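Paired with subunit B in one complex and with subunit C in the other, subunit A is shared by the two complexes that follow.
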Partner chain A sequence: MKSKESIFKNKLTWAVIAELLILAVAGILEPGFFSIEYNQTTGMLYGSLIDIINRSAEITIIAMGMTMVIALGGTDISVGALVAVAGAFALKFLRWDVTLYPTPGDYTVYPFILVIVVPLIICTLMGLFNGVLIGKFKLQPIIATLILMVAGRGIAQIATNGKQFTTGYTPYRFIGQGSLFALPFPIIITIVVCVCVMIFVRKTAFGTFVESVGVNPNASRVTGLKSDRIIMIVYTLTGFLSGIAGLIYSSRISSCDSNNAGVNYEMDAILAVVLGGTSMTGGKFSLTGTIVGSIIIRTITTLVYYFGITSESIMAFKAAIILVVIVIQSEPFGKWMATRNARKQKAGELRG
Partner chain B sequence: MDRDVILTMRGIEIQFPGVKALDGVDFTLRRGEVHALLGENGAGKSTLIKCLTGVNKMDAGKIELEGKEIRPTDPKNAMDMGISTVFQEINLCDNLSVAENIFIGRQPMKRGQIDWKEINRRSNELLERFHVHIDVTRPLSQFSTAIQQMVSIARAVDVDAKVLILDEPTSSLDSDEVKKLFDVMRDLKAQGIGIIFITHFLDQVFEMSDRMTVLRNGKLVGIYNANEITKLELVSSMIGKDLDQIFDLKRAAQKEDAAMMLEANHIGVPGKVEDISFGQKKGELLGFAGLLGSGRTETAEMIFGVTKMANGDLKIAGIPVKIGEPMDAINHKIAFCPEDRKRDGIIGDLTIRENIALALQARRGMMKPMSRKEQDELADKYIKLLAIATPDAEKKIKELSGGNQQKVILARWMATDPDLLILDEPTRGIDVGAKAEIQRLMLQMCEEGMSIIFISSELDEIIRCSNRIIVMRDGKKAGELNGENCTQADIMRIIAGEKVGETA
Partner chain C sequence: MKKFLTLALALVLVIGCVANASALTIGFSQVGQESDWRTANTDSLRGMAEAEGWEMIYDDAQQKQENQVKALRNFITQGVDYILFTGVVTTGWDEVLKEVNEAEIPLLLIDRMPDCMEEIEYAGAFGGDFIEEGRRMARWTVNYMNTTEDVNVVILEGTTGAAAATDRTAGIQEVLADYPNYKIIASQTGNFTRAEGQAVMESFLKAHEDIDVLLAENDDMALGAIDAIKAAGKVPGKDIIIVGCDSVKAAFDAIVAGEMNATIECNPLYADAVAELIKKLEAGEEGSRELLHPEEGAFCIDGGIEYAEGKVSVKAADVIAERKY
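What follows is the complex of A and B.
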């Protein structure tokens, strides 16, 4: 029963088409946009396309969790703050007390393992905190996650005494700036994370459970699903993933910046999910779609930078393109297209 | 033509996907009359009201208000024409003042500003008429449910109502409050307003109404004058007998020496059901009869752990068990097809395959996923076994008709291979053919040793299928009958509250 029509009704198809269109525009305006070069000294591939995927890493990783949050009919607006938290705690363990170790250099005060694991644990616990509020105490997700959205940056500030620490520690800088198999390391992390999440979601029954709770929590409970537990797992996972994204971000800039790290990430992540075809009302979700969505967002940003459009107008430009993509995916638009096509077909039949 | 008639509905037809919700229903309302609209759930009462208030569009039929044909487009439009509705749940704004609630959306203005003095004065005046003396500037939430109910009625009649629809107005009131409400209804009657009164409480129907219209399965059964019909006759006309439905069904033979499956000792939840005790043998089909709200569903939900049992204890196969969550019940091999299929049964956006596999998957746990092949086989097996009408298992369940949705839910639980299956109104709102198939299936499963609790409002199918019947009334077990040799009249007598010798 897979007809041509059903392919065009598929939101993922539209997302891919949108991405290709945006790239085509870029290619026409600037043929050099697609060139990819191998740099002998750094052993890394360079080019706009590589850059797009590299820079989309944080949002893609967060959006993996956000996809399931949204599939449950919720939202998590604390992810941006958690990015700041992860960076702050990583730098805290790298530098500890800046009065004792005043100059940033290629060293770490605490073992590297703690630098990585502690921020991830803290972010995971914060995710669990969200999950408990929403799953157990039945708070509205936007309110529950608002708490950490606000408090998270405060905690990040406290961790570094309100200072912006920087580091020159090579292993830490490798996370965001290094490369493996000629690819920027964030891309490798993203691939590993996406594959792990997809295996977890689709090779166990977890994905179906999430969709089921998202569509009808009452019926899911009567069917024997423990919806509060599922909700807690999803928010905890999202916290953990935000932590990974936070490490990548802070490693890219070799420092932590509690005020600016991860700002608007929650919006970009939600947008990536929606662009990927998952409905905000919950239910069926598509992780692949989310990856495409995240890449679209980054493509637009990169394009804007590439063509030297002033940074003031970036937001408006981004909004315009996203508006078009979302309207095309909307249900009334789909229906309108369908009736238009039907009418055309009918007219054609009459003429024939 | 009767001069006193204020509202006539003639030949109303409404078609819902797969079901004719209303089939040529007539209804007339006179000036100054309280007219009860009766029928079991799904009979079409609320559809008729929705049709009158413009929520549902009718496919055929005519509505006349004071001799003029009308076609209400939405509740606001109906209200402008003089048809006001007070819904079961009070839909007022708790945080606004009483006066604001009465005038919301139509505040009197003075020099471009809301005239608060006028609002408060008129609100006071209006409530005086209902003998309600309160400070109308205080927020609504500070008053009792009864007062809130009065306020919503006051609002409804202040818009110059000719017809007032009261949908289950007494369900959240205590007896004193009901008395107050009835006084108000009598006042309104005296003012010449026609009142349509929907309720499940038969005593109140007889106390208040002048005439009654009874619907069943979307069809008009009869119009009666209140002083010309007995309660028993009314119950029988509401529940009806499917005369055209003669099935070659044979009740599963009950083995005398069968082991005990389920024992319930004085189970209850305060305020819902109290002190229910019964036993059920293996392979026995135990029917639960009673009107809606009599505690049948609540009992089932307790056994399955949807509602937490407050008192009493359960034994399964002689062993005491604790069931606090549906998962616990599932682990004890109990299954439950809920009454409200849409709310508690189907996962609308998921496919038939996913819906069927869900309960089994939930029992297995997350980490032991069923392979796609296993799911496909399961789905195909039950689609064939239950004759589910669908092109394939990948269709979304919400796109199926009610009867087929019910079969999918049944399949979901059959797949878990339960020892005890609880079916709450499994045949409601589905067509006659699917009904018969589901009944046949139940009996067959009992024959194979499954125990079934069967809840239904339709007495004939309860009698036809059950080995034993428990009759519920007002949250209590009112009687127990042997399925082999009881009649509908026996059950109705217990439902209507007449004392009869109970056979165990």
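What follows is the complex of A and C.
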């Protein structure tokens, strides 16, 4: 009886139920939605469910960091711009000077290691910049990250002179378009990132520190936690993760698209965290929930494309589903369900 | 002494004004740098001012309407001779454009037309003929396929609500309506971006097994879709015929590589037409309320396909070296 109540109060359960419900509706309308087959020519598993997980990679990776940012009671709205920054710098090192190398082809101007490492370092430093402003200078997170949200895209534009570079370099294209163990490579990256973050957070005391600072930074400081350092680590990590997402994004399209890369990713990442059951007020957080949240968002988008819902109604359709999911997860609804179940059980016992 | 000074100052002012009047000053309020197309458009018009020896005050609005309103008001205070204007959105310009009219500065509308066009005075309007571009995409496809068998068409639309998207869709539908064997089996927005074009095409390929033709309302979405088609184990340009729009350099690269079939031009180079009109206005001639379209072509793998009455497409490989954007 007690365990049942806690299951219904657990927001993760509701996120999973919501996802399964959406998929069930899709499956009833079109059973082909679930078909997964092995494609001989590409050597990859092929199907809508694979697409959903594959295309949720960027948001899932960013949302890993965003979960802890939100657990600290903050937000990071610069992640979308950092996605653009990473792509722009990667393409800059791949093509360097488009007047010298006018046609995109299977080559890179600078060594591949620089193409990968430099964007990641830049994004990590940008994350650290956010962290210092918030941790040391005590700026409001939304204001502090607003700086890079605006400036980031500008920096990305400057890196490529406002142009959209394209590349045909096979190792770079592999990041977003290749496959390993018959799975699209972004899925593998996502799994590795999620496992690493979870080990770092849950196998060390770091997760507990984050929750403690999120609940009450002053009390945490008094008990000896260096809250400013924890804040800095979390924002730096988020910057780094946004960099990885940026590499995946630009690799998928074999180009940098500084104007459109990562637009609204901050909103999607925050939404993924909230759908996953982490409260915006800070404190307890669930990384598993966030993964489910991110998959829910992508499922909705994929459904819209798959079923040919008209372009005009996409926004309204998405909003409607998200509204339902969030209401189902809300505390009053959970309590209502729990008491209703308890009453039913009681009635059953009495009858029995 | 004081009188002399005043006189001298007045003289300087008069001379200054005369000197200024000899060169035209043109204010240009541009939406910002959103794409290679836009960069080419800006470069073309700024190059025009330089070539003609006119002074251009250029304002990059960074996709914000309030910046553009501010820029237009600044142009009025500075007393420029002409204003070139491309609005980031279509609505909300009534008031500031009426102020421009009251200041009696000739207004030249470029590329995107504001909703209030009918109610305001303007000396000229230059824009792409989006409906015709849509028609050309469809006509090129029909003439290239040259078949009476069933053809399944999917469309990647542009940003919902943008004139370039709605008009191109309308043009495509208009032409395909005359060919009952062409069926539009899916049509969805890809937001004019590579990433979304790719994601939408990926889902199209799952939902429909027999796609013959992809019409993408800009080249970026077509380029994104190419990778999605490859990932599905199909050959872009052969299993699925791909037609884009805009004619950016990257599309030429793809066409030459045989991965894309054609691109319909949307010409950003307005300099010649705009310069011609300004010279006419300077000579005292009247402006025109008619929307003027720049000359636009079509490019494909082999060339020689008719896309409009009496016009045939050009082989992309022949002109790729001259493409600037």
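Of note:
Quick note on the criterion: the second predicted complex is superposed on the first by the 332 of 352 C-alpha atoms of A that agree within 3 Å, B and C clash if a C-alpha of one lies under 4 Å from a C-alpha of the other, contacts with A are read in each partner's own complex, and residues count from 1 in each chain.
One rule holds for everything that comes next: a contact is a pair of C-beta atoms (placed from the backbone, for glycine too) under 8 Å apart; a residue touches a chain by one contact, two chains touch by 3 or more.
Quantities reported herein were computed from a predicted structural model and do not represent experimental measurements.
With subunit A as the common reference, the superposed partners subunit B and subunit C fit together side by side. Note on subunit A: of its two partners subunit C and subunit B, the one contacting more of its residues is C. Of the two partner chains placed around the shared chain by superposition, subunit C is the only one that A:166 touches, whereas subunit B remains out of contact. Draw one line from the C-alpha centre of subunit A to that of subunit B and another to that of subunit C; the angle between them is 120°, to the nearest 10. Of the two partner chains, subunit C is the only one touched by A:253; subunit B is not. By the touch criterion defined above, A:92 lies against neither subunit B nor subunit C after alignment on the C-alpha atoms of chain A. Using the contact criterion defined above for the overlaid structures, shared-chain residue A:177 touches subunit C, although it does not reach subunit B. Between subunit B and subunit C, the shortest distance over C-alpha atoms in the superposed arrangement works out to 26 Å. In the superposition on chain A, no residue of subunit A contacts both subunit B and subunit C.
On the subunit A side of its complex with subunit C, the touching residues are 30, 32-33, 39-42, 44, 46-48, 51, 55, 103-104, 157, 162-164, 166, 177, 249, 252-255, 257, 259-261, 301-302, 304-308, 311-312, 314. Across the complex, subunit C meets subunit A through its residues 33-36, 39, 157, 160, 186-189, 191, 193-195, 198-200, 202-204, 206-207, 220, 223-224, 227, 230-233, 250, 253.
Those residues of subunit B that touch subunit A in the shared complex are 304, 306, 325-327, 330, 336, 338, 343-350, 354, 357-359, 361-370, 391-392, 394, 412.
Contact residues on subunit A toward subunit B in their complex (touch as defined above): 1, 203-206, 208-209, 211-212, 215-216, 218-226, 283-284.
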